[in-house]
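Can you keep this structure in mind? I'll have questions shortly.
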Amino acid sequence: MKMLINVPENVVADALRGMSAAHPELTVDVENRIVVRRDAPVADKVGLVSGGGSGHEPLHGGFVGRGMLDAACPGAIFTSPVPDQMTRAAAAVDSGNGVLFIVKNYTGDVLNFDMAAELAEDEGIQVGKVLVEDDVAVTDSEFTAGRRGTGGTLFVEKIAGALADEGAPLERVEAIARQVSQSCRSFGVALAPCTTPAKGSPTFDLPAGELELGIGIHGESGRERRPMMTSGEIADFAVDAVLSDLEPDGPVLALVNGMGATPLIELYGFCAEVQRVLDERRVPVARTLVGNYVTSLDMAGASVTLCRADEEMLRLYDAPVNTPGLRWGC
Amino acid sequence: MTDLTDELDADAVFRWLTAAAAAVEREADQLTELDSAIGDADHGTNLQRGFASVVTALGKEPPSAPGAVLILAGRQLVSTVGGASGPLYGTLLRRTGKALGDAERVTGDQLAEALRIGVDAVAQLGGAALGDKTMLDALYPGVEALSAGGPDPYGAARTAADEGALATVPMRARKGRASYLGERSVGHKDPGATSSALLFTALAGAVADE
Amino acid sequence: MKMLINVPENVVADALRGMSAAHPELTVDVENRIVVRRDAPVADKVGLVSGGGSGHEPLHGGFVGRGMLDAACPGAIFTSPVPDQMTRAAAAVDSGNGVLFIVKNYTGDVLNFDMAAELAEDEGIQVGKVLVEDDVAVTDSEFTAGRRGTGGTLFVEKIAGALADEGAPLERVEAIARQVSQSCRSFGVALAPCTTPAKGSPTFDLPAGELELGIGIHGESGRERRPMMTSGEIADFAVDAVLSDLEPDGPVLALVNGMGATPLIELYGFCAEVQRVLDERRVPVARTLVGNYVTSLDMAGASVTLCRADEEMLRLYDAPVNTPGLRWGC
Amino acid sequence: MTDLTDELDADAVFRWLTAAAAAVEREADQLTELDSAIGDADHGTNLQRGFASVVTALGKEPPSAPGAVLILAGRQLVSTVGGASGPLYGTLLRRTGKALGDAERVTGDQLAEALRIGVDAVAQLGGAALGDKTMLDALYPGVEALSAGGPDPYGAARTAADEGALATVPMRARKGRASYLGERSVGHKDPGATSSALLFTALAGAVADE
């Protein structure tokens, strides 16, 4: 597998150097692996910190900026960051109003962020935490590490970021983050696996003519393998999987997300089918976002995230955001 | 043959961890391959990075007590590995080290007892139990066999950990990333249990060198 | 080759339906294949129309909106649109101030836009035209159809769009579009070919361990095949190819563009190397844009576009833009 | 055997274009494959789409003059094909049709002369010359052989166009997308020349059916 890289060991550091070159509005600490808003800490504002394994770009580093994250901590590829990163990030963004950690529910992320929270609290920083656990493909959370955090992360970071931008206190920012997290459900499919630089070969085999249903965003294979389906059939399957868990009774936000290597033209076509299914199920869609936002390196495929949205959440979703990966209203 | 009454010093622990680093280096591709089947294909590189930095840190200023060596190594793992295994192995070594206190020499019995405290801490931190198809399925049998003593307790621990790791093959994962696969996790050896077995192998080798 | 589609014949129509669902701010005429700003025609403003084969998304449909295009005409995959589309689009966006056609230099695009211009002029619409021809991989334009239009299109559309947004007359908008076009040069590489839905197999064979230098954006193979290179070596080669043709004596705009399937983390790493080479060559970089903007379906690889930028061009580049694919300042 | 003094009516032209559509349909994959080697892999689907719509349009209300049939077909190609071949083939048919005027019957001589005007228009529009490895390398030999007359001018035109298309293999492209490949365009048959040869084959078949 060919990659546009120097050596596997330096992929994350090289990318951070590139972010630094392209985004003067960010402070990128390549050595310590932290991406921070240049104007941090923002006075009288709760600081939002997220992070996780690299390979999901633009998540999380691409969501640092006004109206979203104050800092992101990228780990090695598909490997949660270490506590030192989050502690350092918390110190960099805390204006005295506390810091919220937004954590995708993976054992590694949870453990490392927990350790970081303890350390940051030792340093006198008030820390809130919210878990994103939106992947309906993972059932029986009693017999698993619990639902994974995937596409819903974007909505949590966007909406909580907007409330923080308005100057709300930590407990309110944490509460809305939790509300959004609990209102999101996702389902993903892979048409082709991804290849990590360190391994250099696909993370799983997927025969021609088959697809994986219920994949994660770390190259994990899915819950089930089936003969290839059309875009319309995939939309039926994915949307129904999400809806059966979410049961929305009002408008939703929809994210039609690419896994990295699926062309935008295919994603838009898939979006049309997702919209069709939602119409058929009489679910009103308030906003639709289409693109590669929560990716899995060069995996081909897509995920659908739906988020039950009340008026306040919609208002905050629409609020200005200015980050490399998501930008509107300013 | 070393038994549990024999004493170990900081240097023995240093040799243990150096041997572990070498084993991880040697087996990294294999560990990543196992993690590729039921995880995210990074366990080998994770531990490689972590243990390399342990060796570097210990090389700079090696503490003079076995406990301190383990604490430093554990901190190093926490700060460099990330993922699930970083905090878990970091906790294992730190808690074991703390339990050893700052004696300059400790008996095998003391080490076995401290290791059990370390493994319990791993179980508590990760919320996993025996049979969940995690590193615990090698760690518990290993520490059990070590505590049992006998003429070759370190060899017995190595064997027990190896067998424990192998016994994860038919298990269905209930913790960690492999749990997402449900039934599809059956039939694969757990990468963390495999690396845990390497730790016992390294330990047996290090005390045999004494 | 698996794709997230229904049937190859409907890929473009399905994508347009998806755009329509996701972007209420656009009017998408699926049958006639035109994407138009919902508020078109904008009074007292020159209308900007572009288009070309589909498969390069977000180009061009994703660049319709305030500060950029007024309409886009997507053809079939990799096939220039037909004159009827551009004529219709011109009629839809003309406020009486005339329309500028932005045309990538391919025989098909040139011929079809020329025909459309004639027809539109017959209908009394004043039409200006500008060719984008920035690809330095195509040399000897005496013995070829001339340099191809690739990444530079984004700069032409952005900067001319900003001037049009300020209310400048057609001749000035056309003049700056031409100036930008002449100030841009690009070079692209492929690590893996793309697959068109109709063909269903890769457009060329690229053995493991080799890459194509000087590829186009239609799955054409490049000018040269070489053993695989590192990101740094590719940056050296691509930037030097561009600079030897462009010879900038002041600041440049840089576009580090993904061909579609290259993960963003690799693109940022490549961006770091591009920046390094430009530093070494003492070329000041005024702005850097990194992402998948002018793509070639699921091709893996990247291109570098540099654009000599004077004060005015910089000001217009920074001006507000609000499109699905590029958005800032509003 | 049909010679150039024989007359053709709208129906003959209609049969010619229908046969051309069938040939394009049959050879579409082959044309796309050729375009894949030195272009962008769409020539077959482009012409398939275009000629299918020509057949539909002619089926709806077939004009009664050969010229009008060609003009309608040409417009249809312009409006549905896109790419380089759409305007070029569209121009070929429209200009040929215009040159035929609105006579209800035309001789083969007249058709040959009109075709030459059509091919010249293609050359002018595209700026290409003989030997540039384009459709002209089949169109010119074809129309040349047709104009030369003889006992089987349509058969001769077909053969000449076929040979012309084949002769593009060793050429280096100087126009169209293939030109970007420079030397690497050598060794491949030009897709447009190949489809142009199909047009002459269809013509020969259509007049033979008379």
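Miscellaneous remarks
Note that the chains take the letters A, B, C and D in the order they are written out, and that residue 1 is the start of every chain.
We take it that a residue touches a chain if its C-beta (ideal position, glycine included) is under 8 Å from a C-beta of that chain, and two chains touch if they have at least 3 such contacts.
These numbers come from a predicted model, not from an experiment.
The chains that touch both subunit A and subunit B are none; no such chain exists.
Looking at subunit A and subunit D, the chains in contact with each of them are C. With centres taken as mean Cα positions, subunit C sits 28 Å from subunit A. Averaging Cα coordinates per chain places subunit B and subunit C 54 Å apart.
Remark: subunit B and subunit D have CA centroids separated by 75 Å (rounded to whole angstrom). Note: centroid distance subunit C to subunit D, computed from Cα atoms, is 32 Å. Along subunit D, no residue makes contact with two or more other chains. Within subunit C, residues 77 each touch two or more of the remaining chains. The touch graph of these protein chains is an open line. Pairs of chains that satisfy the touch definition comprise A-B, A-C, C-D.
Put simply, subunit B touches subunit A in their complex at residues 32-33, 36-37, 39-42, 44-46, 49, 78-88, 125-126, 172-177, 179-182, 184.
Interface residues of subunit C, counted against subunit A in their complex, comprise 2-7, 10-12, 14-22, 54-55, 57-58, 62, 77, 191-192, 208-209, 211, 228, 230-232, 234, 256, 260-273, 275, 285, 288-290, 292, 295, 297-298, 300-302, 322, 324, 327-330. Residues 53, 75-84, 106-108, 111-112, 114-115, 137-140, 143-145, 148, 196, 198-199, 203-204, 216, 218-221, 223 of subunit C are the ones that touch subunit D when the two sit in their complex.
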